[in-house]
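Each of the next two complexes has subunit A plus one more chain, namely subunit B in the first and subunit C in the second.
Up next, the complex of A and B:
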């Protein structure tokens, strides 16, 4: 019983980090109708930037997130202008292929910059644990979880309280109407994409202290994030949070009761299951384009 | 009487004809060179390059069927290549036997997996399909890494060496792939010319619309995916025998899938030879990246980057782009059709319109549909008398289009019944309803933009059968019938133009011709007069009357009241999702409820006491 509860606690903590990673992906889809397959690669860039700051400047990875976010905003903005903007109006298939190519391009670039060997940021607390009665919680995981919550709250505040957030939500529900009431759509789209990239980067900062990583892992991460957004319902942030916790707990259970080698299979099976049973996801609504005009 | 000249099959120009001559000679030369390549050089390096190119070419030709024709992006076609290679490896190691069994069986196995994946994606659209395919690759790679007893895990498996005389070297692999490529090209060529191929393209252009004109889209999708996987799986088996070694990284790496996609996109998706051309560009590039540039990260940068560039700069691929440039050049001196007049051929005066019968051919009973808190349709019931032109009118947002969508099956009602010709149809798929004789047009026209006008009009299917899949898409009889319909709406001059090049009003007329090709008994028109000019509206009215006198029943949603009142009887008025009034035009115009619904209760200018409203 203790073992099970311990597994659940670890699963929830890792699920919180997944939630941050997936929420950026789902927001980009909700606003722009683009599935950003390069989201996993952006996350890896965030992890490497944080790792570099820690290695070369001694900056704590969880504080370095501030700089990482700024860097990732810039990268996201540039990527949007150069690659995504021209296919904004194209069918979903086009942007899927584009970001699919982008993911591998970025993986190769990361390989050139940081090499293809596994690295990890290892600040002093990385091996320490906190004991709570009979349970233990790795400090890195706990701090990462708390940081993920803080960033998600900030994102939520941006969306609900700021003019930018209202513009983003307005564009999500009707781009034409938003344009008519004076929303600068190209700017909002660029900022949405940049914010998505920044949230992926922030997630990467957290991932950098949770184990070793290398550029080729981007595909594993994008599969995991896609399964979360599909499970939660494409475009739904609350859905992504619920789904992330489910996947986090599920992976922990599979890893401790079956085999860590099979844990990644869970995301795949979840995708298959949810698409067969409830294609719109847990909290998703049917998409507009599914309905004839 | 103005007669439109019979457009001969060769129309579309001598340009096309000469283009063919120019095009096929190099294709034939290249085909011979590729087929006989091992006889031309002893260089192992180049022979290997051509063999791998052939593997990618067959996979790309397969992928082209589902992605190029059907519009569904399979991001992980390499998974089927790997499944094929592993099937050959496991088969010949654990069971033994000849490649002649294992290669076709590998194709069947890949096709079976595609069938299962296709079942999963039946209710979803393109992006979910992309996610499913990537996930499948992840899954098979995990299985190949972790199921040691079957696949020998990450260490991989070594296949038996070929049993033939060393003197023949790679010839058997090469010729097997050449035969497979030729066969897959033949199948693709045939598919493009059948109902199956046109149905796939219709699905790519607009899946809902394809369903509405009778295309059984799930079956098409499934079949297209299975065929594409079978070819790739067979190529994978040959690939496995050729390499004599399979392992998870080599077989299920995503970069191989990226290369297959690139071959399709670069050469030209939806074209016959595009994927082959692409494969023979991509694989040499791969060899250069591996041997001259050091491989590893540079391959990722090159292929990822090229994929981005192709999507951005060359979305139609080499063959389509060259072809379009060529035809633009050919037509540079010909006057365009823009603004060409609608050819109004004289039509026989319709006989007196028959009296509509009392029998309802189409009836809805107690329909309800909610969108969240909004009751779009609220206990709505009405009938359409056989042989009538019935109008469904009502203020904006009264639920007319929703009722249309429920009748044609694009939405399901929360409750209520739809009856057609004495049969309850609300459980049927849209295409099945189309097969029964229910046709519709859309408020905002939905033609298959990249198909020609003629192809659009022959796309509708009046039934579904397995035999039909292999029928020639545009047979003589059908083409004649389609041309007759296009002539009837006065647009025969546009027969070979892509539908996307037509104006809004022209598209409305072609959409009507398209629906008529279904030979429906009841035609639902959603705002046919919206946004088109008065002459066209008049033309449309005449057409409707003519068709009605031939026995077609109409149900029309329209806001143009003079048009409705002059044409339709009876009239059903919808407000707040329910029928508030039914009857003749005269009756409806006098009805208090109708006046209220359209104008509100305070429309009378005089004060209540004085005016006595």
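Up next, the complex of A and C:
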């Protein structure tokens, strides 16, 4: 029983981090109908920026997230203008191909700047744990989890309380109607992409203290994030959160009680099942592609 | 659906009517053209970076490289005049998940080429090294080796890093009847395909890599001998057989296996794996690790507050500073690993290799054994080519099957399938550095730390 509860604790914590990582990806799709395969690469850039701030300035990675987010916001904005904007109106497959290429391009840029060597940010608490009776809670994971919650709450506040958030939601609901009421669609799209990149960067800050990382790991992360987003429903943030927790806990249980070999199969099995039973994902809504385009 | 209006035309919130009146039929952006241009540019860029990165290094005796010369694309003009260089080709994982050993191997090859060319090259001709980047991908490496043979028309081949990539690339070499000397590729299955021209430039294959250590553990006095052991490993053709080899010896010695499992490549969450291992309370953990997984599992153990008496890992602990930075230098004390090379080894040319490496890449650059293995692969190739006096692939292979080669790793020899016939050394992290502890006759110290002692758990 102790083992089971310990597994659940670890699963929920890792699920919370996954939720943050996936939320930016799903928001970008929700508003722009773009599946950003470069999201994993943006996460790794965030991790490297955080690592650099920690290494050179001694800034704690979880505090450094403030700077990382600003840097990633700018990078996201530039990337949008240079690469994504020209394909905004193209079919989804085009954006998939484009961002797929972008992901590897960014991997190359990271290799050029930081090298293809593994690095890890190691603040003092990185391998410490908090003991709760017979359980342990890894501090880095706990802090990462809490930071993920804070950032998701901020994201939620932006979406629900600000003009920008309302514009983003209006654009997601109906771009034409949003334009008719005066929403600056290109600006909103750029902001959405930049916010998505910034949330990926914040996730990268957490990744930087979870273990060693190198540019090539972007593909591992994007694979998992896509699983979560599809499972939760493309475009649905609550869906991504639920799916992330299901995957986090599910994979932990499978890794502990069946075999770590089967842990990645869980996401594939869940996606297979959900696509057969509820193609729009757990909390997704059906796209009206019949008339929308 | 309406097309997007040009940027800047939209009016502020609440002024929607104006936009209707002004906008009318909104101009449609010529998306397809821009799209095509961007797709083309990006495709070329990505192709160049991910698949086709090619570095050519030709150094000559007259050309000396600055001490801090970068490891990337450098082309130094040969001064050998009309003499046609010998082209040697390889494809390494310079990017992607295996980029750590890939880049280390590239450095080793470059040092070897530089030292060879200073001595007059091979068969009196300068060596031109062509390095492609396979991005740690099995499909790309097949394309790379095919291109090296058919387009670049290389005279000789050198191998790549990690068994996963040696498996397909050695098949391309064999099909083209070319000798393939590889610095890595210790998975037994590589040598079970009846190939005649593959040779590995390390001392032993994976199942025997941890043999010296396992025999030492099995022979410990009763009070020090562990009673239980855990064997986690990444699902990799190299690491899994190492761990199985250790388990076979320890099980025969009565040490009970309490955990044994494989996790797939790409696993990022090690806390749950560690959770299951800790629940089994092993006295010894023999971990088949590549790199990140090695760091992550150790960190998972630290977080769980669990330190087994004996901790052995493959590969990861050989990566010097990257490993100690990953788990914290203060937590490395007592970790065992197998190693093919050590800076302290008193083998011919070893000191010159180290000096040249430091001169070329900087004093602060740690020399990984992967660089030394690559250097040794070059030594093996050169010895065979010089001995037969030609580039005849059959003659080179025959010679290697029947002779020994002195390298910086020691003397290497091979059986009929290209399996090396020696024994790996066992290293241990001690006082923030690495010592050779086994076998005793090669040991750099008499001390063996008898317990893994991470500072964070003290």
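Everything below uses one rule, namely that the second predicted complex is superposed on the first by the 281 of 293 C-alpha atoms of A that agree within 3 Å, B and C clash if a C-alpha of one lies under 4 Å from a C-alpha of the other, contacts with A are read in each partner's own complex, and residues count from 1 in each chain.
Operating definition for what follows: a contact is a pair of C-beta atoms (placed from the backbone, for glycine too) under 8 Å apart; a residue touches a chain by one contact, two chains touch by 3 or more.
Given the structure is predicted, the values throughout are model-derived calculations rather than measurements.
Chemist: Here subunit A is shared; do subunit B and subunit C fit on it together or clash?
Modeler: clash
Chemist: Which partner does A:67 contact after superposing on A: first (subunit B), second (subunit C), both, neither?
Modeler: neither
Chemist: Please indicate which partner A:120 is in contact with in the superposed arrangement: first for subunit B, second for subunit C, both, or neither.
Modeler: second
Chemist: Is A:212 in contact with subunit B, with subunit C, with both, or with neither (first, second, both, neither)?
Modeler: The answer is second: A:212 touches subunit C but not subunit B.
Chemist: Figure out whether A:12 sits in contact with subunit B (first) or subunit C (second), or with both, or with neither.
Modeler: Neither: A:12 stays clear of subunit B and subunit C.
Chemist: Which partner does A:92 contact after superposing on A: first (subunit B), second (subunit C), both, neither?
Modeler: The first partner, subunit B, only.
Chemist: Could you say whether A:149 touches subunit B, subunit C, both of them, or neither, answering first, second, both or neither?
Modeler: Neither: A:149 stays clear of subunit B and subunit C.
Chemist: Which partner does A:83 contact after superposing on A: first (subunit B), second (subunit C), both, neither?
Modeler: both
Chemist: Under the stated touch criterion, which partner chain does A:111 make contact with: subunit B (first), subunit C (second), both, or neither?
Modeler: Both partners.
Chemist: Tell me the contact category for A:260 with respect to subunit B and subunit C: first, second, both or neither.
Modeler: In the superposition, A:260 touches subunit C alone.
Chemist: Tell me which partner touches more residues of subunit A in the superposed arrangement, subunit B or subunit C.
Modeler: Per-residue touch count on subunit A favours C.
Chemist: Mind sorting out which residues of subunit A both subunit B and subunit C touch, each in its own complex?
Modeler: 83, 86-87, 90, 94, 97-98, 101-102, 104-105, 107-108, 111, 116, 219-220, 223, 259, 261, 264, 292-293
Chemist: Flag every residue of subunit C that touches subunit A in the complex, lowest number first.
Modeler: 1-5, 7-8, 10-16, 19-20, 29, 31-32, 34-35, 38-39, 42-43, 45-46, 49-50, 94-100, 102-103, 135-136, 232, 235, 261-264, 266-273, 275-276, 279, 291-292, 295-296, 299, 302-305, 319, 322, 325-328, 331, 456
Chemist: Under the definition above, what is the set of subunit A residues touching subunit C in their complex?
Modeler: For subunit A paired with subunit C, touching residues are 3, 6-7, 10-11, 14, 83, 86-90, 94, 97-98, 101-102, 104-105, 107-108, 111, 115-120, 122, 126-129, 131, 136, 138-141, 163, 167, 176, 179-187, 210-217, 219-221, 223-224, 248, 251-253, 255-257, 259-261, 263-264, 292-293.
Chemist: If you look only at subunit A, which of its residues touch subunit B in the complex?
Modeler: 35, 37, 83, 86-87, 90-94, 96-98, 100-109, 111-112, 116, 219-220, 222-223, 226-227, 230, 234, 259, 261-262, 264-265, 267-269, 271-272, 275-276, 279, 287, 289-293
Chemist: Which stretch or stretches of subunit B touch subunit A in the complex?
Modeler: Residues in contact with subunit A: 71-73, 75, 119-121, 123-128, 130-132, 134-136, 138-139, 142, 145-146, 208, 212, 254-255, 258, 261, 265, 296-308, 310-312, 315, 401, 405, 408, 410-411, 442-444.
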